[in-house]
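Chains here go by letter, A, B and C, matching the order in which they are written, and residues are numbered from 1 within each.
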């Protein structure tokens, strides 16, 4: 597979990635997910301060011919959103793990971290999904 | 950069506009006396343009547009058949166009509506019809609201609708508008509804029913249709027939006999009313006896004094559109059915299916046909195995270069790279042969000169347009 | 008649290529017991017989020489070029313009429609159309509920009764609560659960409200609440302040007045406009302007389709697919034909002629104008003998005004009179004379 899977990140089977720093989780969609959607034209992000359960839809990602969801990998409060995406949604395509990040969460349930996937585990799930 | 034809607003002039309205012949007062100045607008940024320039503008625009009257329009699931010209004449009779929906002397209109309901009933087997819905999706909403009300009155909580993954996108969207959630059912390897999974899904208990089109969006008649409707009925559900694909069933078999309780029809597909570039359409709903009380208002009945509205009842879903449906569209469908009659309508179905199979057997020699069976009104090819990874979009755009319209693409979603082809009964053999010739040439080009396809179209007023730019930075008016 | 071009020889040739022995064989998947042997439909007709039959049917309807009936469907003059353009079959026999490169003509026309509607209304964005005014209003209510996440809507009395019923049906489908209130109670009824207030202006009874008063009440009390205005005869916008100047969030209208014949109430045109910030929640098709991928030419296409049902399926905010494209083309040509000068003239004539009739009626003993606010081309009159008034109008070939008890049974002997530019001085004089005669001669009472 010609997709990137940075080792230092965690993943979900619904194609989100998560980076942890100081009890804050930064979340975006994976390289595979942005490829599947194609050229991203709009990202509808939640408002800062909103609280979501794990598994609920936090954002919608639109391409010309498809719509994808960003699903909360952890329960918690949105403390920051990537305002840059409003005018530059293409960042999700060009830099899915960097400038294309979407939300920062202050997560409330530590144990939910255990359910996240390593890059290797995510790669395996993806391989099954594709074949 | 400019487009070839400047926007009409760039033609403005300061001359005196031609007057269309009657000369003012009553005494006027100062406008400020009857409308306070702060409620008046300051400026009206609409140009005055000479009539000749308006006409030339639109004639030039029309020359950059493709209709059924231009050539074959093989858009799958859209039934783009010829629109008989006499129907346009009929719809423009002053005894129809000048009739106000609230005037009393409108027996002619009411009789037409009532009589068409009866004819549609005969064609589908349904007991009662409403002609109120303005389009197919509008009809779907009405049908689902009827389901909702039916269970509400029975005191049953039913919150889900089963929709196969091959369904038109309007099906799940309509179900949601009626307050239902969706259970999506995966089609089996024949493109049909798998009975075991249907039975399993029905066990959930709060299923209001199923929405199906038959023949389905792959153009395949589901042989097990009676088992499907029986399973749904046995579990207390209702069966909804999406009539977008009724054309090949006219005079052959009827949704009612398949076991359906609610049917919508698209008069702008099956019954030849012109699609108008996206509308207006008309989407009548037919139901079985038990559901007639739930039909929307106004509902016509025949009385000794003539055709009249049913008295308001407590269980009707209410009104879904002001006045009487898209009457102007309805007239055309009525004229079409009267003109063709029983034998003509049956011929429609037979030849629609003949034409589709004729195209199918020839195109499948080069193109991949995922479901290889006798088809009904349409069939679906795919770009799988195309030389040089040429895509469905490339094929579609190249088709335009030959002066014909492209099929429906990337639908149904269950076939990646779908090309959905519905020729309809009004295409001649010559026209179909030309389409085959074009498709064969495109396949050969894909092999020998795929760049030609990837950059297509070449002969249209504009080349392939940037849809990404349009969606990222929307410009919706000047 | 039928429109199948094949003869029997051709059918046989085609069957041969398919490898089938008969047409019936092509229906082999259909279970035998589902075939219908015969069905009870009449035989087909020739074109001339068809035409005669339908002419006869149309003559059972009455066409009046002049009309005083409006109430959501209006007689305005339609310039000849409107029908001429919409009868071009390159337009009317096309489908929704999915293949943009082969549909530039229509796409540009609808882009021009969106432009002229946003100029006329001064709203930020207009879509390519909805079915009619009533469904546009209902979809606007649903859209407001989705935007705000709230499920309570307030309707202000004076919305066309049929529109109100349609809104109720749609909202019942989505479990949205509705209350109808008179405008004076609005302030008390507003709270932070309200998704939107809906009002008609000019309203069903003809009143023109001071919109600034309404918007101020709502903005002060409930800033998140959407303000939605509907209009049934937008020809008034030739003179009336446009909704875009008054902080309206969503403005919808019935566009039938713009070049579309009454045709027993349909097809009409659902005009749908909104503030820019609601763009991605709008229902319906939108045409956008863009450029060639590899070139410099501008072109037009269906855009923001990810909002719509064919992509978003059950997550779409609306199921609308087919709209009223040909009617929006008619409206565009109408508005261009009239031009700035003509649109002002039409509005002015409607204001002035209706005012003239209002004034003349108010002079007649027994007639009372019920409107206290300014009016456009419709107003309410209490009359001494409604039955006689209606009967005599018909006898003089005038389409009588609406007996408002059709919708409001408690309002007896009140008519909703509509006067447009189509009512000549002669027809107005006849109408006034009829009114006078009924006032003077009470013996005519039936």
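As a convention for this text, a residue touches a chain if its C-beta (ideal position, glycine included) is under 8 Å from a C-beta of that chain, and two chains touch if they have at least 3 such contacts.
Keep in mind the model is a prediction, meaning the values are calculated, not measured.
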Taking mean C-alpha coords per chain and comparing to the overall C-alpha mean, nearest is chain B
By Cα centroid distance, the chain farthest from subunit C is A
Taking each chain's centre as the mean position of its Cα atoms, how many Å separate subunit B from subunit C? 20
Where the centres are mean C-alpha positions, what is the separation of subunit A from subunit C, in Å? 44
Averaging over Cα atoms per chain, report the distance between subunit A and subunit B in Å. 38
Two-or-more-chain contact residues of subunit A, please, as numbers and ranges. 41-42, 62, 64-65
Which positions in subunit B touch two or more other chains at once? 467, 471
Shared-contact residues (touching 2 or more other chains) in subunit C: 306, 311-312, 315
Show which residues of subunit B lie in contact with subunit A when the two form their complex. 410, 467-468, 471-472
For subunit A, which residues are in contact with subunit B within the complex? 39, 41-42, 62, 64-65, 89-90
Quick check: in the complex, which residue numbers of subunit C touch subunit A? 280, 305-306, 311-312, 315
